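Listed after this line are the structures, all set down as structure tokens.
In the two complexes below, chain A is the common chain; its partner is chain B in one and chain C in the other.
Our next item is the complex of A and B:
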């Protein structure tokens, strides 16, 4: 009996604390500064750890350069120069040199597949999962690491799971309740309040620290918000600062429940799996949505898949054909505190969320950018590339022309033929032989 | 190489350093890449190279991949292909593309040149008979031109024939009317490519930690 009473008391104190310190402030969008203190302590600890590692590391260690420097320095000269720049001349035995060199460069270091695995850290952040290159340094460091493990798994994890649970249930209940009201400005205001509160709770469930830059460019109603994609948490990060209408497939299970609840409170655009294949239908529904200036801006991730936040891959042109104003947003995570990238081939959703909740924190920067529209004479693909460059520059990411779909599919044959066409043009000068 | 640097691992690295000429930093980087390609297995097979999108664009992709498994390049025999290769073999192939160290003696430099050219010779000489025949030459040209729909099949053949004639004239001087040129041997290959600047065309700048780049 005593045990049960004690457990009950602990639980109720726990819940009151959570309520007082986290939930109520979330409703009002106020921060009590607890997470700031946590972050300060964390930063100091990691700095100390880095200094210890650097002191203790042997001379030949690869710590400093392994993340930023590649294996080779690629020769970026174009094909013509590489083949010794003679035009329209005969095929030479040595041409094979150029292609074998290029082939080997690709084998040693290819730009694409490294984007589908987590970014490597320059210095260890005391998480086991990032411990790729780092050796045992000292007892003190190991003690700190053990302490870190205890703190993360025994203190932070239960707290975060509780918060996440509360957040999601509040979201579902809140939106269902709000959905009962007739359409009015009160309903919109309430639905915004519910969305924002629950998102803030969920962000705290991940110990998220988000810096928003250039808030004056926040996406307006009737526009389309476009961002680079690293993980499902991107959605959470953006919706904490403003409400968006989401676009996506209807899922089953927990996601499905959340989706159905959300759509009652404010209009999101959910598609059935079969409808997703019909591009015209998708475009039509999105056009209708943005035509209504009172509806919330649509949130789209044109890459189509999760990339590891070091680069921006090809933006699919579908989102840019709808018209309307595009509001680009760049999201950059700080990998030192926790790796936000979802490697869907390695982890499923649940293990991914667990990893998120046992990292130190999720720290990221969000840059809102000035709106862009399609110019005269620009087609959707060029527009998409323009927006992509802008986002890459703002976020400090590299830009790649490759399709994120290469994660699962092979290179299209049309791409391959381009290269061969170029070469053969050089040799035979557009169809005539010498 | 893992979290704990065991004694035997660094011995292996030193051995590889000696055999292939790469520094320990480069060997570790390449080992990481090897593990990525092999999916953490100790060996890689031809299929492991399918995941390199950059390589797909290369017209002689299959020849390059085959070169990795070629016994002649791996110094394991006069002909034939291996089923799979381990990290040491991987490094052996990579070492063909190391920049030529001009501080070495002239004989060493000539030897390196010869090794690189032999690697390329093997790429042409698919049946390992020591000669590049007209057929083999034509196959390479076809591979390189295959993407262009404007070129007819015969063009590859005529380019190849023209090149063989040129090779014959360089190697044998004036030919008798009924003399048949059997094919380019390795010595002929060296003669034809005497003037080519191998140093710039066939090396990859492997980065080194201290100096940032091991070539100019």
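Our next item is the complex of A and C:
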């Protein structure tokens, strides 16, 4: 059975290599510099590709990045001016012009819908999935692309899947084991060690390169950590640099197993689906958690859904009503190396993870920001907006007042009422009527 | 890989659409991009729900009427040519449109066609006249619950009276056009797509 022996030998050499170069350094939080070399090569290749594309592309046909520049000429004057300021304030047949124009402008381009699909790149990064606007340039570029496909799918993907597998198994086994110990500082230390090691392994499973800025503001115990949400990987990125107590719904399947294992080692806050609807119950449990200063800071994503990392949408006020210190964190991914946005209507979790593992790398910046608390006379909504602005400015993202829930649901009628009110004031005036 | 040709070829019947609507190749490519972005489930056509998902349209008081204008004759789907046909009404009037060959059909973005689009937002039953009742309905859409029925009826009566010339109690398309002859329709009903 020479074939089987050979296969067995290859597998064992492979595993030893993985163990030596990746797993052990993860335990100690040390890096061997392999990822850095990989990134350097990658950056050089992509720069070369960009230059080739720019040389080859005729000036007219490349589509400019339409995410940041509008495609229609907008007239942002308020309703009063738009409805013709010349005549008196009475209803005219032509008033429909204003509303129909605004309506059609929204159909051609609106700020929100584009945030629920991946950001368009300015130059191609040699991944098939981003090749929406780019044309055939040269044979050499195509060859490099083919090489890229081979490297990504045949070399990187198996490695990453192995690592992910090891990482998750270690997490489940490790936390279950640690959970058997009685409560003590040893348990906490071990639980931290297990969490950090497994997260580092998982991050390497994605070839993640993360830069943490301002580590002195890292969230402290008894606080609430708040961040913008782009994908489930956000959690992984944050927990690699510190331990948090997570908040969320209990899931079934693999996620459920992981959740149940994790909660044995350190107190996370998992809710049943029915409990999530009861906002008071949720607030109560969270308040209890942060009141205990020995417990880890809570990690919350107030947007409530994944946005494509070009903007920050409305922060739901629930997280800001709990009290306590808020530690804002801004996360910005570099889309050149891999698109981290999870479009949950397009991809399910498994295909999303596969896409992640076949990208070049996940590169992101994490900025910790100084803690904020609610000021006197500020209500939860204003506080939420203040935090949102701070995160948007730090991460270089646009700020939008719209609710991320627009991804799935229709907008509330209250917004329409505002427009109707404005218009009514104009045609009816202060009670006087023609 | 990489041998994808120019995008205009992806749009079916692009030449006939260009002739009919007057949009440039580049504009059509952008609009096609937008059409595909709105078509969430990649069906190849848009349903009412796809358009209702646009936040800024849903808060527009005339949002539902505008959505309806994309689905003439009771259809439930709008394909790309239909989509662009409606948008063509809002194409800015350019010099090349004004010296048209009289034998060719009127361009979709002519003053008359722009006015007709607006007229149809009022004239729900498509009988060619805006009755007092239809006027009231549109007014109610635009003001919501902010104005009383009586005030609204006064406004509707006054507007119909001012525009109605032949005294039939309704506003025909001709009367509509006449009452708006001084209005700069071309500018107010135009959306310029940047190159």
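Here, the second predicted complex is superposed on the first by the 415 of 434 C-alpha atoms of A that agree within 3 Å, B and C clash if a C-alpha of one lies under 4 Å from a C-alpha of the other, contacts with A are read in each partner's own complex, and residues count from 1 in each chain.
Basically, contacts are C-beta pairs under 8 Å (C-beta built on N, C-alpha and C of every residue); 3 or more make two chains touch, one makes a residue touch a chain.
Keep in mind the model is a prediction, meaning the values are calculated, not measured.
Novice: Here chain A is shared; do chain B and chain C fit on it together or clash?
Specialist: In the arrangement built by aligning on chain A, the partners chain C and chain B clash.
Novice: Just to be sure I read the superposition right, which of the two partners does A:348 touch: chain B = first, chain C = second, or both, or neither?
Specialist: Neither partner.
Novice: Is A:169 touching anything from chain B or chain C once the two structures are fitted on A? First, second, both or neither.
Specialist: neither
Novice: Thinking of the overlay built on chain A, is A:145 touched by chain B (first), by chain C (second), by both, or by neither?
Specialist: A:145 sits against chain C, while chain B stays out of touch.
Novice: Please work out whether A:12 is in contact with chain B alone, chain C alone, both, or neither, and reply first, second, both or neither.
Specialist: neither
Novice: Which parts of chain A are in contact with chain B and also with chain C?
Specialist: Shared contact residues on chain A: 66, 69-73, 84, 90-114, 117, 131, 133-136, 402, 406, 410-411, 415-421, 423-425, 427-428, 433.
Novice: List the residues on chain B that touch chain A in their complex, please.
Specialist: 3-5, 24-26, 28-30, 33, 36-37, 49-61, 63-64, 67, 94, 97, 119-120, 123-124, 140-141, 144-148, 150-151, 155, 158-159, 162-163, 189, 192-193, 196, 198, 201-207, 209, 212-213, 215
Novice: Which stretch or stretches of chain A touch chain B in the complex?
Specialist: Per the touch definition, chain A meets chain B at residues 60, 62, 64-66, 69-75, 82, 84, 90-114, 117, 131-136, 402, 406, 410-411, 415-421, 423-425, 427-428, 430-431, 433.
Novice: Which positions of chain C touch chain A when the two form their complex?
Specialist: Per the stated touch rule, the residues are 1-7, 29-31, 33-34, 37-38, 40, 51-63, 66, 86-87, 90, 117-118, 121-122, 138-139, 142-147, 151, 154-155, 158-159, 163, 171, 176, 179-180, 183, 185, 188-194.
Novice: Chain C touches which residues of chain A in the complex?
Specialist: Touching chain C: residues 61, 63, 66, 69-73, 84, 90-114, 117, 128, 131, 133-137, 141-142, 145-146, 345, 402, 406, 410-411, 415-421, 423-425, 427-428, 433-434 of chain A.
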